[in-house]
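The structures considered in this document are given below.
Okay, so chain A shows up in both of these, paired with chain B first and chain C after.
Right after this comes the complex of A and B.
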């Protein structure tokens, strides 16, 4: 008999899901988060079931994570996204010991033990300056789609320094840099450096250990990955698995472990 | 209604409403902004000392005209209340120089000429040396002189000595509550105890003592508090008054069985020496009180108190929770986190506003911390 375990990660911007069949990913799903977390959960569950290809009742266990984890419309276990990103990353690559997760509205640095379980973590406070949302706002100020920010930054020269203390001040700095005629690619690099430096302030509380990976949607931004490698002076582990779905993958493994 | 429900309901009443009630009963009342101000002197002057809190007040628009968003939300809430005339029913408001933000709120209050008319500042040193004690004693003498002049009251050593004895009795009763709180089958949650502290720091001391005696008598017959997570926590904070935040900490983190915070156990910790001259004894206690990081030279004692309390209370971890932009809290917690971890104690650092906000992030942190503790235990 095939054991089906589902992990659903409802974030502030996107809702993600992974379905495991006997421990291996068999379906993935991603959509924009809906206004109601319950609707997001239903939408992801339906998407993972192939919109009717399999019956939801066939799924043996579900684990919810992310901000929507408390609004399950069906029986499910809950795990924090910090634990889920940790276990998900360790499932992708067992040598991971530090996870940097940059999400839509928060960022975290997570230290893992050799089982992929959380030893310690640090998380940003209300400030949005080190989050995916800051990248979106600043890309808009620069006049480029956020998807193009990373490739553009890779071509940029160093030297455009932006404030990293507040997204609002950063936005002003970007507009000023444009008025000063600085190349867009250099500003893009400055934006990413500022956001990355902000994220790395978390490492003051939690020293980074080798075996580092980046998870969350921002991990798809090659400029951010390159900036982290530059600032940390260490290579980042890259997954074949979609880094944006790592939290959902971890949740699916927690669901499987609950059986 | 059970006694704990009564306490919760009373703690939910805004201070201006209580002040109106005291006035109707013919009593003066004074709002104390900081734990350095001895309530004994205010009580001996015939008034009700009420520890300032912003219960029931929302918004800081008016308060923010004098303060930036980078000032702590206690200061902004308190000054917002002042600007909206919410302290008009008080006879005095008293500040100390416990932190720079509280010093500034006194300046702003005077500049805005917000009610009440009697506003007093009691400077305190940032250490607890003998010279600092003498200086505070002199400031308390000035405070007494002002109260005599303004309120036309007799305020002598005999009256202050009597107040000291009443407050010492309160501290002894609270120590019994503290011991009951750490029992395995504790009848009290952290939210219950916070509400209790809020009530007794805003009612006349004799009423507070009667409430404590009643609670101690009824405690054995109460059902044990459910600890949903099975985790036992010790909470360190500065000014903490949000009952909802405490409830969230207990729902998603664990039962708070002990605390060190200036609106909690720390405010009431340790008696005033009844054998010493009253003002010397009050100054001594104020400066050697454990709860305030203002006295930087007392940090070793605070660390020792936390470590001993964690062991006695069989706590799994310590939560350090401070108000955003509380500078002395940030400096203190930086040191505390390292010292406690060196003692093998797991620490979670939180920060937030005076009331509400960031509920989702708070839950995530607490849940992840609990999972972290569980991972640590399973690895052993």
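Right after this comes the complex of A and C.
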């Protein structure tokens, strides 16, 4: 018999899901978060079931994570994003010891043991600087789509320094740099450096151990990955699995372990 | 010569312009996102004064000393301009510049700037904060006062970061709280931030001049008066959004007055 375990991660900007069949990913789903977390959970569950290809009742266990994890419209276990990102990352690559997760509205640094379990973590959820949302705001100020910010930054020269305080102060710095005629690519690099520096202030509370990966939607931004490697002076582990779905993957494994 | 003062704010870029003989400055505003080329905007502003063929135009940047590298201009220090404009307020006074991102409180005495206090790390409670929340609630800027007047029980803003507060406001409305109460809570948060900075500036009882876009809101000014008992709030002689710009212009071209009484 095939065992089906579902993990759903409801974030501030996107809702993600992974379905495991006998422990291996068999379906993935991602959509914008809906106004109600309950609707988002339903939408992801339906998407993972192939919109009717399999019946939801066939799924043996569901685990929810993310800010919407307390609003399940059906029986499910709940796990924190920190635990899910940790386990998900360890499932992708067993040598991971530090997870940097840059989400839409928060950022975290998570230290893992060799079983993928969380040892300690540091988190910023009070200020948007150092989050995916800051990158969106600053890309808008630069006049480029956020998807183009990373590739643009890779072509940029160093030297455009932005403050790494409030993301809106950074926005003002971007406008000023544009008025000074600085190349967009250099400003893009300055934006990413400022956001990364802000994320890395978390490491003052939690020393970084080798075996570092980046999870969350921002991990798809090559400029951020390159900036982290530059600032940490060591390579990042890159997953074949979609890094934005790592939290949902971890949740799915927690669901499977509950059986 | 046409003198043009430019106040490049985070949200809006304001201009005031005059030439010898003019007692009033003309004023124009542009969204800052579309204001990359300040020289071109200054020429556009100057064209409203119908300059002569060879009439020179001098651009003055009002602020903390920054001048754009691509545009020929000279700086005018905002603190000094506000101190000069506030001479009429007595021996010692405070000026709260409530901008989009920066809130600055200038302590002035006898036309001199004594010190400046500023929100250095966080923009929560600034004009941009209020504007963004109003937009999220579907309220136009010129409707804010009327909407707040209908509030019965303002909420308390618990997420100080503007980016997070936006989603908090939306979930408050989704959970049944009236937009009037949400918006009143947002402005109350702005009042709290500014009044805290004013209180840090020292003894109360001195006149307080309020400038910047936020000072356009009656609800904000009334809230500030209630939060700072004993302080006499003073309104600038022109639209508070443009006052810094006009004060800067008055510094370099005395034909225009920005004197506050």
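Basically, the second predicted complex is superposed on the first by the 258 of 259 C-alpha atoms of A that agree within 3 Å, B and C clash if a C-alpha of one lies under 4 Å from a C-alpha of the other, contacts with A are read in each partner's own complex, and residues count from 1 in each chain.
In the analysis below, a contact is a pair of C-beta atoms (placed from the backbone, for glycine too) under 8 Å apart; a residue touches a chain by one contact, two chains touch by 3 or more.
Remember, predicted model here, so these are calculated numbers, not experimental data.
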(request) Determine, for the superposed arrangement built on chain A, whether chain B and chain C clash or fit. (result) clash
(message) I'd like to know which partner A:119 touches here: chain B for first, chain C for second, both or neither.
(response) first
(request) Mind working out whether A:155 is in touch with chain B, chain C, both or neither, as first, second, both or neither? (result) neither
(message) Applying the document's definition of touching, compare chain B and chain C: which contacts more of chain A?
(response) C
(message) Output check: A:168 vs chain B and chain C. Expected answer is one of first, second, both, neither. What do you get?
(response) second
(request) Classify the contacts of A:82 with the two partner chains as first (chain B alone), second (chain C alone), both, or neither. (result) first
(message) Contacts for A:35 in the overlay, against chain B (first) and chain C (second): which applies, first, second, both or neither?
(response) second
(message) For A:176, using the defined touch cut-off, is the partner it touches chain B, chain C, both, or neither? Pick first, second, both or neither.
(response) second
(message) Touch test for A:230: chain B only (first), chain C only (second), both, or neither?
(response) neither
(request) Could you look at A:141 and tell me whether it touches chain B, chain C, both or neither (first, second, both, neither)? (result) second
(message) Out of 5-13, 59-67 or 311-319, where does chain B collide with chain C after the chain A superposition?
(response) 59-67
(request) Would you mind listing the overlap between the chain B footprint and the chain C footprint on chain A? (result) 125-126
(message) Which residues of chain A touch chain B once you look at their complex with the stated criterion?
(response) 67, 70, 78-83, 106, 113, 115, 117-121, 123, 125-126, 205
(message) Please output the residues of chain B touching chain A within their complex, sorted ascending.
(response) 324, 337, 349, 351, 357-358, 360-361, 363-365, 367-368, 371-372, 375-376, 378-379
(request) Write out the stretch or stretches of chain A touching chain C in their complex. (result) 12, 35-36, 105, 125-128, 131, 133-134, 137, 141, 143, 165-169, 171-172, 175-176, 178-181
(message) Quick check on the complex: what are the chain C residues that touch chain A?
(response) 8, 10, 32-33, 35-38, 66, 68-71, 101, 120-123, 126, 128, 160-164, 167, 170, 174
